[in-house]
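Comments concern the structure below.
Labels for the chains are A, B, C and D, by order of writing; each one numbers its residues from 1.
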Amino acid sequence: MVEMVSRPYAKAFEAFAAGNPDILCLSADLTSSCEVDGFRDRHPDQFLSLGMAEQNMMSFAGGLGLAGYRPFIHTFGVFMYRRPYDQLMASIAYPRRKVRLMGFLPGVTTPGGMTHQSIEDISVMRSIPNMTILETGDATEVESICEAADSIDGPVWCRVLRGSVPRLFDTPIKVGEMRELSSGDDILVVTSGICTEEAMRARSALAKAGLSIRHLHLHTIKPFDSKALLDHIGSVKHGVITLENHVTEGGVGSLVAETMADAGVGKRLIRLGLKDTYAHGGSRAYLMRYYGLDALALVKGIEDLTGQQFGITEDDLDAARVEDVHSLVKAEAL
Amino acid sequence: MVEMVSRPYAKAFEAFAAGNPDILCLSADLTSSCEVDGFRDRHPDQFLSLGMAEQNMMSFAGGLGLAGYRPFIHTFGVFMYRRPYDQLMASIAYPRRKVRLMGFLPGVTTPGGMTHQSIEDISVMRSIPNMTILETGDATEVESICEAADSIDGPVWCRVLRGSVPRLFDTPIKVGEMRELSSGDDILVVTSGICTEEAMRARSALAKAGLSIRHLHLHTIKPFDSKALLDHIGSVKHGVITLENHVTEGGVGSLVAETMADAGVGKRLIRLGLKDTYAHGGSRAYLMRYYGLDALALVKGIEDLTGQQFGITEDDLDAARVEDVHSLVKAEAL
Amino acid sequence: MRNERTTEEVALGIRRRVFEHSMRNNGGYLSQACSAGEQLAWLYNEELKLGAPTLPMIPKPFEGVPSPSNPDYHTGAGYNGPAAPEFDRLFIAPAHYALVAYATLIEVGRMAPEGLEMFNKDGSSVEMIGAEHSPGMEVHNGTLGIGLSTGAGLAYGRKRRNEPGRTWVFMSDGEVQEGQTWEAVQAAAFHGIDNLYAIMDVNDQQCDGAMSSVMEVGDIKTKFRNFGAACVEIDGHDVQAMRDAVAESHEGRPLIILARTNPFHTMPILEERFPRLHYVRFKSEDERARMNVSIAADLGVEPVDYSH
Amino acid sequence: MRNERTTEEVALGIRRRVFEHSMRNNGGYLSQACSAGEQLAWLYNEELKLGAPTLPMIPKPFEGVPSPSNPDYHTGAGYNGPAAPEFDRLFIAPAHYALVAYATLIEVGRMAPEGLEMFNKDGSSVEMIGAEHSPGMEVHNGTLGIGLSTGAGLAYGRKRRNEPGRTWVFMSDGEVQEGQTWEAVQAAAFHGIDNLYAIMDVNDQQCDGAMSSVMEVGDIKTKFRNFGAACVEIDGHDVQAMRDAVAESHEGRPLIILARTNPFHTMPILEERFPRLHYVRFKSEDERARMNVSIAADLGVEPVDYSH
């Protein structure tokens, strides 16, 4: 059974930031929802409330960067680039301010529907020059995200998981690397964020079906080591499949597509994710099933790629975690 | 010598919109810069000044859409998605309002520097569900953009050229199609917007060098006919090269990469454009040279793709048009 | 469809439903029922001119997001009746007030009580953060601060078409922190959009607590007036004050009613949770039980049997 | 570096340079020299505490945008001297005022006159829309409405570090239409950022013409005060009024000086172009010639020989 870690960000951020005078904790009226309420209460001097006014917050953070601070901004991911995109561009990304953008509730990890779901943030960030993009897929990555982000000489976009988070890995994020989770030679599966757990759920069933999967987990999406990816692609026979908590245009799937096309790789790619669609509100597990982001969707994609049918059903996949909607580790409401 | 058309949008918009009670002309304090000053003066009843407040303008336009209007919004492209991105998403794109977003000064066609250059808009728009993306590459396309955009049952992002615009084509935009400008079988060149003229400049020199170029011009970027593209890719021996007035992440280059990888095409792709960089201010010709968006950059890309040197220099390329910075067809300042 | 009951009775009914729902679900947007009960009751029970609902009393399940391949898509606006020229329109700008808005629809007979049972259930259209397709909603407003602009655009368009119906926006005070709100007022005033009406729940609260501790906004009324709106400030629990406020003349300007409210009005025990009232999730079974007994007594109902 | 000349003389010098430049180039941001001449002259000649320039008098060419592969990148802030704790900082929020700002740098001896000849030339760092790397600039402000927020953040940070230097923002009135401006004032007031100062050129003009015809903004002073700033309104051509205004006590609040100006001050013939003053491009050789003669006389110089 997978270990579940409660509110890893809360602890990790406090451990990393408390007492470092150059780090400021910025918040936009979602302090407990981003698990920094404890930090606010215990380190009020390093905490800055900027209210529900994200545009000002971003340019303000740029000004703080100019004054030598390294602001960690906390809000839901969606409110950190849609409302204040212009400010993110001009005040943070262009001048390479050391602002750490901690975006909570990536993709469909929120029941809040289209206004709360950051489904195209990676596409947006990938096309922003100077941006670094990190995404957490487990508790260990959440625990190491602050240090990883703060090691970057420039702005960093982070997709952060909150609440009860599974521990899948035992080593921290090493920026610029990728995790090789299995080393098969039939098919390359590339996942990031919460989709990695899904791919792991499918692992044993696929193995039983006789398929040798090479599985990569990406925590660093930009900058990207395309040479390493190409080596992995070179090691598999059939092709590549990506699964991401994001639209299929512009995210990890496109990154892999670019890498393959640039190199003239003659293997097929299947890009799974939100298929050029918005999502609605609902539980994570429900939405992942509805929009084809889960283990079963991956299996179907692999069937498509190989042209085989494995007869794998939900029962064959490792038990999905069921989250208690009202568990106390979950922040209030959204 | 190529025909230069003066302010084609001004005339085309007025002809299309005037007298149609459901079309409203919205402007954000850049009325003459977007060539709708004549329309404002002659059709004040269809003109709505919303000032320099783009966020409100976008949601307001969404409300107008709900009331059955088809607003044509005019401002510089960059001010139509960066400042009001959240509003574009929630008030226009999600509900599929028939709002026509007329974005002027795409990419490096403005000397205004990073705050004025929409260098990643296509990437952003491509990852927005429900969005249609059109880009004009000549005067005929500018002349037909209003009708093309207004034929869409949903929001439309348009990259519009202004001022003195060359006439390259004699048929209007047919949404969803692509233009086959030459039908060679060595290399496929895919361009859009102002880069198409650059590729045409290189045509005769490349032909002299013995290279058979297949050249496609894209005015419709989303939705995209990948089957047609794949047929073209299938017809060339060496590979594909894209040239766009946009960053190389997420735009036309990525679209082509996705198409190739999805199909497992084993040919190389070279994506030219702004190479994950911001641009600065300067004349269009200078910036296209500096950032490698011009005919010479295309030739170099083709040399890279073919592994050959053609010894083509600037002198061998058809004369670049030199624009008079202070020509009267140019709108005031920016 | 109106005036079978007094607006005060409707407000009480709203609070009873939100209370019961929150008890059963171990949490909810309970404080918003305290503050906004009268406002939504007044709008639906008296003030809004709406036609009969055009959608089934029991909400249909979620039927897909808007897309070219979803031609039958429609919003939840049909619960407010048809979008005919003579009728009013309403946007719930702070979409997290949806729970209170759904309860209102039930109380005024526009939705069946079963609708509330579908709240935040997978596959239901009755979403926690009111979505376009949720009962009574016509647009997505979960990203705060965009509602008034949408209302202004719709009202302007309707005015152009000489439609007599008004456009109303229910707003929250948190929205005044967003710059867009000011752009919207400025534009509505500039274009003389006087068929635009807003009523704002000024409960002095936002997610992080009291607004003065999160981002002070000062005197909202004076601000709105300076930006060109007509603005009246009232006791948001006084229905007669609403009736008077809406009579304020505001030719050429939108009218904004600031309803000053108490975030634990009728449920005084909620004050224990001050200053974190935005979403009340019970911290313990004991708290849940105590609040159950206390609020039930306040609202004149039996405590909720939430054990099953 | 200051007070060798009176501020009025510096303002005149600025206008002469912008005039000459605009004549030679058949257009320019001429009206902004009329309105803002005194403001920028006052800031640089008297009010700002700045160190000696750290960058060459003749601007270096453009050296690349910021990127990890451009380690030697630097902004144009060195023309204002070093970013030392005791010195003031200045942002030109409406970046299209750059021409006027460059002329000011020359007049106060911080840039060589050759700098202006590089204006808007390919490969030059002296950009038309002031860029980060342009003389006197420290951030990109070409997208209007972001400048005050940046200033607030920097000022807050400097206050935390107990730096005595102030942070100044030169603003334009068009910026008050952008919602972000109001978010910035609200935040600066909430956090007591009183080492933040702004002076705004209230010329009542924007790109499309008179602001009242494009998007009415009403009484800016009252608005700023309502949002928590200290605000003084003065005649923007009266240098003594600026000196008095900056003395206004504003503990715990940013100070914003509204400089009400005339967009054709000292160049009355420009009134012919009203209400399109944002960028003056001469419509004919005749107009150019007439304006040349008229403005030259007003400014006490010879007409510009722009024929070569």
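Here is the rule we go by: contacts are C-beta pairs under 8 Å (C-beta built on N, C-alpha and C of every residue); 3 or more make two chains touch, one makes a residue touch a chain.
All values derive from a computational prediction rather than experimental measurement.
Novice: Listed by label, which chains are in contact with subunit A and with subunit C?
Specialist: Where subunit A and subunit C share a partner, that partner set is B, D.
Novice: Chains in contact with subunit B and with subunit C: which ones?
Specialist: A, D
Novice: Just give me the whole-number Å value for how far the CA centre of subunit A lies from that of subunit B.
Specialist: Using C-alpha averages as centres, the distance is 31 Å.
Novice: With chain centres taken as the means of their Cα atoms, state the distance from subunit A to subunit D in Å.
Specialist: So the centre of subunit A lies 42 Å away from the centre of subunit D.
Novice: Going through subunit C residue by residue, note those that touch at least 2 other chains and give them in order.
Specialist: Subunit C, residues with two or more chain partners: 65-67, 140-143, 177-180, 183, 186-187, 190, 215.
Novice: Two-or-more-chain contact residues of subunit B, please, as numbers and ranges.
Specialist: 50-51, 53, 55-56, 82-83, 86, 90, 94, 114-115, 129-130, 277-278
Novice: Given which chains touch which, is the overall layout a line, a ring, a star, complete, or other?
Specialist: Graph shape, chains as nodes and touching pairs as edges: complete.
Novice: Would you tell me which residues of subunit B are touching subunit C in their complex?
Specialist: My answer: residues 48, 50-51, 53, 55-69, 86-87, 90-91, 94-96, 129-130, 153-154.
Novice: Which positions of subunit C touch subunit B when the two form their complex?
Specialist: It comes out as residues 65-68, 75, 132, 138-143, 146, 149-158, 160-161, 179-180, 183-184, 186-187, 190-191.
Novice: Under the stated contact criterion, what part of subunit B meets subunit A in this complex?
Specialist: 81-83, 85-86, 89-90, 94, 114-115, 120, 123-124, 126-130, 239-240, 247, 249-251, 253-254, 256-258, 260-271, 274, 276-278
Novice: Would you pull the subunit B residues touching subunit D in the complex into a rising list?
Specialist: Residue positions touching the partner: 27, 29-33, 49-53, 55-56, 78-79, 82-83, 111-116, 277-283, 286, 325-326, 332-334.
Novice: Touching subunit C in the complex: which residues of subunit D?
Specialist: Going through subunit D, the ones touching subunit C are 177-183, 186-187, 189-190, 215-219, 222-223, 226-228.
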